[in-house]
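The structures considered in this document are given below.
Next come two complexes, and both contain chain A; in the first it sits with chain B, in the second with chain C.
Right, the complex of A and B next:
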């Protein structure tokens, strides 16, 4: 009986024991992609969420608990974006190496400047994020800042391959910075363009590209659009020149379509992370598609 | 004493709720306030006939198991505090207040500490806790999908099993989640009683396995066992005129099988999702019953076996709206008692219930619920209508699977 139990446990445990690579658990697909870019063959990356999921509303599923248990590095946005599931996941996973404060835990939002820190914390204003807006990945310069820190962590956790990580980072950084300059130049003609969004998740893009948010489909952050509120928004938008209604793949498309039909403002499906549409295969194609969609709308 | 503790807690809570500890300039003593939340719960219930509580012939019940009173009532108002103690420990406490016939009662629901940094996937928890047996057992009422607990939980665990003790958990380093654990507890809570075995009167063991099926589905299966010493547990058959109080002493055991399956398109539960959950419970009790009352007087060996299950499904069809349906049932196979107690454990069929609910959540923090049920106790059936609000303020609640 005892032998049998030991055997079963050994079998179950074996996939975890024979790993050579560094195991990275990313809360969001953009950080998973960044870890792949910087880690290459040395890392095994898993993402807790896909581009089709709303990262505010994830449950601490058994599969996620199991993956955090075996992770060497957890990379998340932080700033309370994952407040309803990440702390629980970390407590259930019994993995002391990836707790906040350890080298194995990286909160991306700590390494960028957060926008929209609320002055008043009152849930009557919706499900606001007390530390500031956490949707930081939509300013490509933030991706560069997080990449620098992520490269450092990979080197620290897997010092045997430190040189490889340093070289991969230098290569990525060069390509990324020149791509960001290119996108910024192309977006210059769009300065001041007004857009409607669903959730206040595009503020970093808007701040970087000089775009203006003309309204949101959600009456308040986290509160789904209601028909009375949408009618109000419709009235408010009358006569304004709006470039588009920004839609993300994980959101309900009906409110955007409803507004579009009544205003002739086009719905723009913008990638908010990697994998949000089949075409968005990495961080470069994410911003390339984002910029070209905006350019297309302006033409 | 209780009252002062309460006032202190509320004051602490208010300070925290109004004073976000994130403000950078402010470095006062409350900068390290724990995460706090307050849960408010109110109900309205209407019953057909003169329904005043569960009346299941042959099923002795824990006194705490009673449906909400008829008319307007307040549920539990729960105050939750939690924080890391230091880098090794995490602490958690829940205090519930409830109204009972005009007075307010304070109940310490949970107060435990947990390790954060044990190696090898191990975790230890100690204190007063909701036992981790089954699926529904560790959930507080405000996270339930229906107003009330399923019948097998009500009958066999007195709503849920919570006790004071220690828990050891191990999470296997596998791709499928495999978690195993055991608890050693005081043995003072129903179905155990009297803190037998020198204050270690109950133990549990549980194991569960879970994972995903593609992006859209996830599941969990669990197996649990609870064994408790019963020392003079109050026994009120609740039949006939006059008073009949007795005591049962012996052993009680409960085995639970639980299964949960969840679906959400692309794993994005925000828009639409479906949850099917079912549990089977089997309880066996063996010992001696002593009765001293007007109708029953005497003692007899006592050997009962009860089992029951519930299956429920909830479907969120729009971001704010859910519907749910539940069927639950309990049966008993009791050995007849010796005269003169022979009539005590005679059953009148198997109580069963069908429940339907609809709820609306404006945000993650509020919920309004409407529920109808039909309860058949084997002799007659009652219709029930309930309305409920559940609101939480303060720290963000956790999205448990």
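Right, the complex of A and C next:
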């Protein structure tokens, strides 16, 4: 009887022992979804943040530390996006296998070309990321590049299932590349369309789709708008043809609505990651909704 | 349920930080409650924060000694001012403390108007992230707590009013950077409130309420996967209400 109780308790305490899955800890929802796509049943994926959170800043929970401690692979954007919490989390978790530089740590931004690398670093310019703009997931081609690296890491860390990972990657790559081509074709009519954003988190989308940023509600990244800046922005937008004000679900909607009321430009709620609205269930639906919202605004 | 987060090496340093904070804040909080100057800790914490922010606008490293000196300096200046207020403007003391809090808080915002990263730093300073505490940060805090406790319990009749305010400022400047202003406020006020009018044994009862709140809060935060600081605040309040109900029942019998 006693033995039986101990056994059950042990199983409850360490579910990892029951299934020998690879444990993946993702900083952001888009990488968690990608790991699920590429790992399937072989991996157990946890995400530090959801699609409704601002990933720049999170509250510490004990489970975050526990999950990083037991993780086999940590997938984050890097480029200082998680600078205010990831280094602390890695230090507290004290898991050598997932420290930067190890195969168990994947910084997605290392495998794509970063935009907006500042030539001079100056705090006065706002919350500038010294390595470049880290919001890389909004160019679907970047998702493809990160997927290639993630597949390699999965194969290396869990070589027993390497063939399964390779097959899953080939399948994903085929579906993803053709989807990306489809979206690009549909966006061609929108080339040169001008949009206003809240935070400079959409530059990769704009670069890929050929859209133009007509202005941002934040005067500098991370700095809330002042009244003089907003009136200046209003004057600047007058007479321009603007497709919409781009807004992400985690951002305060009041500045976007304020501008929309005064200019009659519609607010476009665009998904910035998986789970940002209930409809965005994976990476495919994320870009599908993104593209169709932009198409709808142009009509 | 997250049993795997129930790990002493994750929760241990945070619990030690809680014990250090409680050690000084429970006796100081009883005094604060007796004097009826409840919001003094918010004012002093904001002043300490303002000192750090001032230092970081000058380009000093936020955890370095000069920035810490600025924090202590600002808090002690506030303490000396509060002593003067108590002596000369006692009838409006609480109102002046409130104005001091608001001025210090908005001064930080003005200083940070063009420094968004500083915004995160300010938030960390005030909301606090008790889980990120590491052992290295606990050493200096332990030394200072010991000094404050010795001064408080053995030199109390010598240090007088200004002594109380200075000890209070020193403790809050350290604790607010360890655990944040919400936990500092709870650690001061809630145990003292639950055990008021208990006389000498009230101190030990207050320590017990505070410790029970921290332990229960950490366990719940690990189990339910919630941010640790706010859960501790609520646990401590629940423990205090239970103690209050038990005392009422005992009084009625």
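In the analysis below, the second predicted complex is superposed on the first by the 278 of 299 C-alpha atoms of A that agree within 3 Å, B and C clash if a C-alpha of one lies under 4 Å from a C-alpha of the other, contacts with A are read in each partner's own complex, and residues count from 1 in each chain.
Here is the rule we use: a residue touches a chain if its C-beta (ideal position, glycine included) is under 8 Å from a C-beta of that chain, and two chains touch if they have at least 3 such contacts.
Here the structure is a predicted model, which means the values were calculated and not measured.
Chain B and chain C, once both complexes are superposed via chain A, clash. Look at A:156: by the touch rule set out above, it reaches neither chain B nor chain C. Once the two complexes are laid over each other on the shared chain, residue contacts for A:101 go to chain B alone; chain C is not touched.
Look at A:250: by the touch rule set out above, it reaches chain B but stays clear of chain C. Of the two partner chains placed around the shared chain by superposition, chain B and chain C are both touched by A:63. Of the two partner chains, chain B is the only one that A:131 touches; chain C does not reach it.
With both complexes placed on chain A, chain A has more residues touched by B than by the other of chain B and chain C.
Stretch 58-66 is the one of chain B that runs into chain C, the other listed stretches 58-66, 112-120 or 292-300 having no clashing C-alpha atoms.
In the three-chain superposition model, chain A touches both chain B and chain C at residues 12-13, 15, 56-57, 59-63, 65-67, 69-70, 84, 88, 91-92, 94, 123, 126-127, 222-223. Chain contact summary for the complex, chain A toward chain B: residues 9, 12-13, 15-17, 49-50, 52-54, 56-63, 65-67, 69-70, 80, 83-85, 87-88, 91-96, 99, 101, 121, 123, 126-127, 130-131, 222-224, 250, 252.
Listed in rising order, the residues of chain B touching chain A in the complex are 20, 22, 87, 90, 114, 116-119, 121-123, 169-179, 208-212, 215, 218-220, 262, 266-271, 318-320, 362-365, 393, 396-401. Residue ranges of chain A in contact with chain C, taken from their complex: 12-15, 56-57, 59-63, 65-67, 69-70, 84, 88, 91-92, 94, 123-124, 126-127, 220-223, 226.
Per the touch definition, chain C reaches chain A in the complex via residues 2-7, 9-11, 113-117, 119-120, 123-124, 129-132, 134, 218, 221-222, 225-229.
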